[in-house]
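Presented sequentially are two complexes of subunit A, the first with subunit B as partner and the second with subunit C.
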Partner chain A sequence: MNAIEVRALTKKYPGFELRNVKFTLPEGCIMGLVGENGAGKSTLIRLILDAAGRDAGDVRVLDTDNRSSGFVKIKDDIGVVLDDARLPDSLNARQVGRVFGDIYSKWDGAVYEEYLKRLDLPEKKRVKDFSRGMKMKLALACALSHDARLLILDEPTGGLDPVVRDEILEILEDFTRREDRSVLISSHIVSDLEKLCDYVGFLHKGELLLFDEKDRILEEYALARLPEERLEALPEEAVHGVRRGKYGAEALVERRLVRPDLNLEKPTLEDIIVFFARGDKQ
Partner chain B sequence: MKGLFRKDLYVLRGIGWAFILMDLAFALIPDLRFFAFAAFYTVMLSLILMQADEQCKFDTLLPMLPVSRRSVVLELYIFGWVYIAALSALALAAQALIWSHAGYMAVDGAYLMMMSFDICVALVMEAVVLPVLLRYGTQKGRLILVVSICCVTGMSVGIMNGGFETILTVLSHIRAWQLLLIGAAASAASVPISVAGYKKKIA
Partner chain C sequence: MNIILSNQDPRPIYEQVGEAIRAAIISGELGPGEALPSIRGLAKDLRISVITTKRAFEDLEREGYISTVPGKGSFVAETGAGMLRERRLSEIEEHLRRALALGRSCGLDAAEVQNMLKILSEEDI
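Right after this comes the complex of A and B.
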């Protein structure tokens, strides 16, 4: 079974268009969605959860069409964490737990309490008095306390200090220990995703430029460092981006399309994303 | 829907307590003209609750939770109905208390008639305002709320300045249950419009 299937998804806003997005996230996998501000990550997440109308395309989540009447029940199996947490901020953590306990049929109050303790969150302090990190941790506690099969997180680590980020990533790793649990996480911080994800999607100006297994992406692409005058010798279809410097050029190339004797280095995921985003072909 | 109901109770307890206190005072003053204010301000409740959700952006998380669009809308209506029912019960209880202490019975046919009229106007106001709030949000929807409150307040001032008897004469041709039925019909007609408007807003 697939956790998420997106087919030819299109959404137009004045001045922005999410174009023909397609990908499949198999059950039990973690997908990282990378993209700069305004690339369409949050729009895509809203469309996946049927919290926004679409112009074209289909979305299936946990084997259910997200526009069918049965999707409301499926949302019981989905945990959602949005940037800013977006929880009712005049409530305290205990009250938030009671509210979500009435919303989710499989809510487990004991698990929630456990998360509050583990994440060091005060029960009686109002959410509006929480720091950003505390709010995100509370949102995560809510998303993890109803035995969700799919977790969808939109920028959960953005603007957080490294300690809180690490804490959140640790919890996500724990969550995916069970094989039937899947995660879709969007973030700017590629290094976080590199640690965590099985699949990576790169969204750029409303287009999904890259989607594949992370390991395959890292194997498929390579960095070629060479003098600028030798760039032209590279086959055009092999080159996905070029960075020119004082001491030569750096090109992101597809390994299988270049000569094997070329001096290639293994890129990081961040290198690949940056080259794709700049798209500075020779 | 139970979760949303609970959330709204907490929100009111947290930020709307001053409003509730004022409304309770209006309901408990043994004068129907004050009950009219209490009933009409019920419509303000929806604004307070929706504003609180918009402020913390909970309204954008809500469509992602396992709650149907219809439940989101219906909860606001039901909250208003329960609130106005509670206010009415409190106003009647206050009258009963006065009767037991002061020895005179203020609740008669005319009293119940006037109370039903106030409830009817409050329900109609809610039926007009909620679809706008749910379709356009509180920023734009507030305008229509202000206009409707001004209309009803003006009407109430007119009643206070001698129009009370005229209203009673007009109402003498209608029964209390008919007034409540008109209010209920307005609510029933308004719910699907609100659901459609809310769905459009989400899309």
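Right after this comes the complex of A and C.
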């Protein structure tokens, strides 16, 4: 079974277009969606949830067309945290729990309380007095307390300190200990996703430039450091991005297309993405 | 069993995981027939991808260190440990032979090379 299947998805806004996006996230896997601000990450997530209407393409979530009548039931199995999802300001955590209890049929108050404790969230403080990190943790607790099979998180770690980010990642690891649970998480903090994810998608100006198993991406590409005049000797189809410095150049290359005796380094996911984005500018 | 992963290590993560398990099998820390942690559980505990971990296990299986029973998990192969030890022993032999040859090439006899090895092993402790 697939957690998410997206085919030829297209959406036009004035001045922005999400073009022909296609990927499949198998059940039990974590997918990291990366891309700079404005690349279309939130748009893609809204389209997957059918919270924004698409212009073309198909989306299936947990094996159900997101425009079919059956999708209403499937929504019960999805936990969502959107970056601008505002929780009711005047309520406290306990009251927020009650609201969510009315929305989700499988809401589990005990699990929710456990998360509040684990995440150090006060039950009686009003949400409007929460810090940004606390709000995000509360939204996450809500998304995790109804036995969801799929979590969709839009920038859950954005603007949070490293300690809280680490807590959130740990919770996601625990959530996916069961193999019928999947996660789609977007972030522009690539290092957060580098270890966690099974799949990585890189969205750039509305196009999914890269989607593959993370391991394969990290293996396929390499960083070559070399004097600038030797750049030209690289096969053109092997080079995905170049950075020219005063004292030498760096190029992101496809390993299998260059000579093995070249001085190659293991890139980080961040390197790969930055070079892909730069390659586009040249 | 300790599995220490390093980002500085030039080897990919799945190789580091595989090597740690291999070392535990060869040293006898994981005995023949002993169950390995589940792929998913290990991935989550190490905070790495499930696919990465799966790949490490597939390599170990191909090399004969472990066997996987669908639905039950992975186990240290019965013949694995002995065979592996054997393989490592012959590797050691090969290195020692080369050390002796190198020694001969600069006029050291076997006793002198032995003495070097003794000094080195004492340093190691």
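Here are some notes:
To be clear about the criterion, the second predicted complex is superposed on the first by the 277 of 282 C-alpha atoms of A that agree within 3 Å, B and C clash if a C-alpha of one lies under 4 Å from a C-alpha of the other, contacts with A are read in each partner's own complex, and residues count from 1 in each chain.
Methods note: contacts are C-beta pairs under 8 Å (C-beta built on N, C-alpha and C of every residue); 3 or more make two chains touch, one makes a residue touch a chain.
Predicted, not measured: the structure shown is a model, and the values here were computed from it.
After superposition onto subunit A, partners subunit B and subunit C are found to sit side by side with no clash.
In the superposition on chain A, A:215 makes contact with subunit C only, while subunit B stays out of contact range. Of the two partner chains, subunit B is the only one that A:49 touches; subunit C does not reach it. Once chain A of one complex is fitted onto chain A of the other, the partner contacts of A:245 are absent, as it touches neither subunit B nor subunit C. In the superposition on chain A, contact of A:100 is made with subunit B only, not with subunit C. In the superposed model, B is the one of subunit B and subunit C that contacts more residues of subunit A. Of the two partner chains, neither subunit B nor subunit C is touched by A:14. When the two complexes are laid over each other on chain A, the CA centres of subunit B and subunit C sit 150 degrees apart as seen from the CA centre of subunit A, to the nearest 10.
Of the two partner chains placed around the shared chain by superposition, subunit B is the only one that A:82 touches, whereas subunit C remains out of contact.
In the superposition on chain A, contact is made by A:176 with subunit C only, not with subunit B.
Least inter-chain distance for subunit B and subunit C in the combined superposition, rounded to the nearest angstrom, is 27, based on C-alpha atoms.
No residue of subunit A touches both subunit B in one complex and subunit C in the other. Those residues of subunit B lying in contact with subunit A across their complex are 2-7, 10-11, 14-15, 52-53, 55-58, 60-61, 63-68, 202-203. On subunit A, the positions that touch subunit C within their shared complex are 28-30, 169-170, 173-174, 176-177, 179, 195-198, 213-215, 218-219, 266. By the touch rule above, subunit A contacts subunit B in their complex via residues 46, 49-53, 72-76, 78, 80, 82, 84, 86-91, 95, 98-105, 126-128, 152. Subunit C contributes residues 10, 12-14, 40-41, 44, 47-52, 55 to its touches with subunit A in the complex.
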